[in-house]
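Labels run A, B, C and D following the written order; every chain starts at residue 1.
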């Protein structure tokens, strides 16, 4: 082993972030804004490892766009141990943050292209880090189509932002819920796969980004294949796996040859389409 | 980086000298049939004879179980301060067989891949390795030759070969020279030649064989992805994880946090984990990416022969030590499993 | 306010409470964090509600069941403490013996008749099935083992005090056994329950030269079929296999053959 | 109500004979109508369900009768099983077992004395308030108990239900490095122990005497803890262990799920006081000195002095263990095969455990499967005597004591017998019904 390889002695030590804002998004999801000691300097699609001191650590997507200041934004769903503790925190409390990790998106690759975003459930959370800079510079892109899906109106995220984005001339937003229980729901009802067939997409200039629960990918890809034949090199999928270290050492997030934490969580579909475990 | 010839007694004296300065691990007999790398004590005898691969491979000393990642302490400012662990003391791993040596270099590569693991790195640069050549297969389990681990010398600082005329001691690095200063062995000009002669006496085939050439394995395994062989072996498997824990190239870990009773201080540590244990690939949902034991067997096997070799480009990650088969209570042997798949896929010869 | 913690014992050797007293290094720290309201059902039981109730022992009699219902209804969190409470432990073996046999063997022919005929006169002697606590009331957490593992007890307590879910990984005993670099007892031709038994004990028995008898119960994914097959292949006769399974695991749903 | 001295006292769930018990006292117009010790523990039927097991399984299982006496049950079981199999253990095994047994004495006595009894004398409800008032004392006591636990664990592999010792030997011999550590710690603990002794000396033991029969093991060469024949203070000879049924004469009573015992008179006492009474001369000289300092003269008929006798035994076991450990370190250990051939047979074993003499008996068939089993535990031998003590004590004290004081003294009496741990850890519920 080379003695002079660059080794960051602090690889596993978090930096401190102070919570400056919390919003309850849905029953199970909360939005957190943190102030860090130094800027994250992340790319869209990256994630951080969040430490609750003495409790544990988990992977959380960065939901804000790239920025110069020390701010980090996250949306956290309460599913278990650490996330439950996170939900109990208040403004002023501190957390440990490591990262940013993961490959993320190269925004420039999307310039001058049409973009189709399909986000199921929490999928909008990581993709927001891509969408925010995209919308901010929307003139640099072709048509931007965003399809979001949630189980019910109560579980939708970022509706106000979506409403703002809709104002841009080249942005189209389709909001869906699986079923509705609320008379005020003004979006559509159905699965995220439903509108895909009727979209008009130029397979040569459309970039597609997918993020959602494990079951979603297969069906969306089938629809895309059936109607648009967009090359796999132009499709990105944002995957989730169990993760313990975030830096390619703990082995948990392996997807066949790939490590979700390092090669992903955003993968070019062509890179993993032959991985049987990829979209399982 | 010379070669020397010494008697076993001289080597033993030298090792004991080294052991006074730092922890020196040498395989010692534990129980009735097994061995373990244990600190060499003043009164311990060194067995140069054929010891079997130890229960746990020496490389695990570089990635110890329950290793502290950091301790945290809540200060008066109510902020948590994170402190790295104490650096580990220098050590010598001695009597390391070529298979385990290759295992260590494989770990080196994984841990050095950016971002490098600081704690492994710190241990590794502080570790001197004295390797021990193999001239005959250990037992009916090993197959190091089949996976190209037999000739391994990389990573060793000193390399020992038991010749009829004594122990051949070859220094392979500056650190090797350094630790050999203490020894009073006689120089041996034709060390390499003598070693090659001895190696020429190895039986052929050396241990068990693979049904396909190692380079053809990834392709064969891809073809056999849906093979029922995995599931057939899986029926006997307990998902106990032993096979992973004893493997020289397994390094997966779980992370645990524990805090003090008053809640003011805590410790994060990593503990050995195993991809054969069902919870390994479970996520919230709940969803398990490898819920079936056969899927886990496949993952374990493909990781050794396909995934990691292709990712890191260093040949097979199985080094043929035979430990997993030797330690598995269900008698699940990875080589048998590969060969069965080969037969089934038609890649076998 | 400090959480109120109570201990109750049913049929057991009380070794688990003793194991707790054996955490000398942490005992005072524990006592600083909790209000120990009962360390045996001594203070009048009708009082108090408990934040955490630890139940030691298995449940054998009608009156024990009543008492357990009562404790459950007054406890926020209920923890089964030790093998007896978690799976009935060794005494569950008597579920496979006719009650008359039991009374006769322990108290003699004459008393056996008295007990069986006159349940009123000998109310304390009524014996039903040996049950684990969760077979009677809802159990929130289990601290397995005969006796329970003090490290796990501390982990549970700390977790509950800080509002975090404790984690007891469902790993086989083999995991810890390998970490301790023990020679596998199968290498010596003996049969071990390590591969199917719930770990967390640091493989303490194997470390001490013994083997695992599975006192911590079976893993949820225990491959009992393969294990029984293996013991058979090792030439162990069926009675011995059955005895081993009925040492600590009589009440484990997957351990026996057909029961009742 | 109390001036007419008509009341019922019910102390619930106090003792353990394998668990729970209650005391019932009914008095009417100053006269005692009934004093009863009820044992309400659920049956566990050990004697029955070990049937069919192999000798080493029997021993492993039977230790689960009692957590605090687990070593004693194991050793008594081993002796009985070995007698049945015709096995004579090696000298090394015997020595290790004696140490293991003494480690349990140190564990159990220090727990009982320092943690369960002291609070009574300090007028504390339990050790908890005491920990706040006398932190140094409690820390010292904790350290002594921890040492005793570690002593057991080093020899037996675990502090509770040890597994290293088995039929005909040791599965895995103790690590000599750790033995040495224990030796050193035990040596260093002597002043600490003496400080505890000073404290015990200052305690005021209630005055009350009732002579009874004292039963224990007796050995010609040593203070009998591991080996010997049965000795009763009412006779001059000793009785072989095999005749234990003659001694215990077990019978059942309706208000108890435990069995009761008597020998030459209505009841007898086992435990520290019985041992000290019967074998005083064989105590380690330091222990005899301690007895003198504590004002314990043999024979002593005050059951409250069982506590004092326990302190004396702590001194004895500490010094005796130091000697045995030193010998062990001197001689080293040799690997021995701990195997045996199962044969048909029957055997009994007796041993002194902290609470008194313990008997085990087993029969095995030719395949080494257990046919029947019998265990007579010290507390069940003592219960009858405790009830007799209470019957004598209550009428004596009724005129001079308040109801509360009487209840307390009854508890202390019961606790003095050290019937179990948890009963005494906590104050008993005293209910006037």
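The rule we apply is simple: a residue touches a chain if its C-beta (ideal position, glycine included) is under 8 Å from a C-beta of that chain, and two chains touch if they have at least 3 such contacts.
Just so it is clear, the model here is predicted, and its values are computed rather than measured.
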item: Between the pairs B-C and C-D, the one where more C-beta pairs touch; value: C-D
item: Closest chain to global C-alpha mean, per-chain Cα centroids; value: C
item: Farthest chain (mean CA position) relative to chain C; value: A
item: Centre-to-centre distance between chain D and chain B (centres being mean Cα positions), rounded to whole Å; value: 51
item: Geometric centre distance via CA averages, chain C-chain B, whole Å; value: 38
item: Geometric centre distance via CA averages, chain D-chain A, whole Å; value: 66
item: Centroid distance [mean C-alpha coordinates] between chain D and chain C, Å; value: 25
item: Residue list for chain A, restricted to those that touch at least two other chains; value: 54-55, 80
item: Contacts with 2+ other chains: residues of chain D; value: none
item: Set of chain B residues in contact with two or more other chains; value: 254, 256, 258-260, 263
item: Arrangement of touching chains [line / ring / star / complete / other]; value: other
item: Chain-chain contacts as defined at top; value: A-B, A-C, B-C, C-D
item: Complex interface listing, chain C residues touching chain A; value: 162-165, 167
item: Complex contacts: residues of chain A adjacent to chain B; value: 1-3, 5-14, 16, 51, 53-57, 77, 79-80, 94, 96, 213-214, 240-242, 244-245, 247-252, 254-257, 276-277, 280
item: Chain C - residues contacting chain D, complex; value: 7, 9-19, 21-22, 24-25, 27-28, 31, 36, 38-44, 60-61, 64, 89-91, 93-94, 96-97, 101-102, 105-108, 111, 121-122, 124-125, 127, 146-147, 204-205, 207-210, 213, 239-240, 243-244, 247
item: Touch list for chain B against partner chain A, complex; value: 69-70, 72, 74, 78-80, 82, 84, 108, 110-119, 121-122, 124-125, 155, 225, 251-260, 263, 265-266, 268, 270, 273, 275, 280-285, 287, 289-290, 299, 302-303, 306-307, 310-311
item: Chain C-touching residues of chain A, taken from the complex the two chains share; value: 54-55, 80-82, 84-85, 88
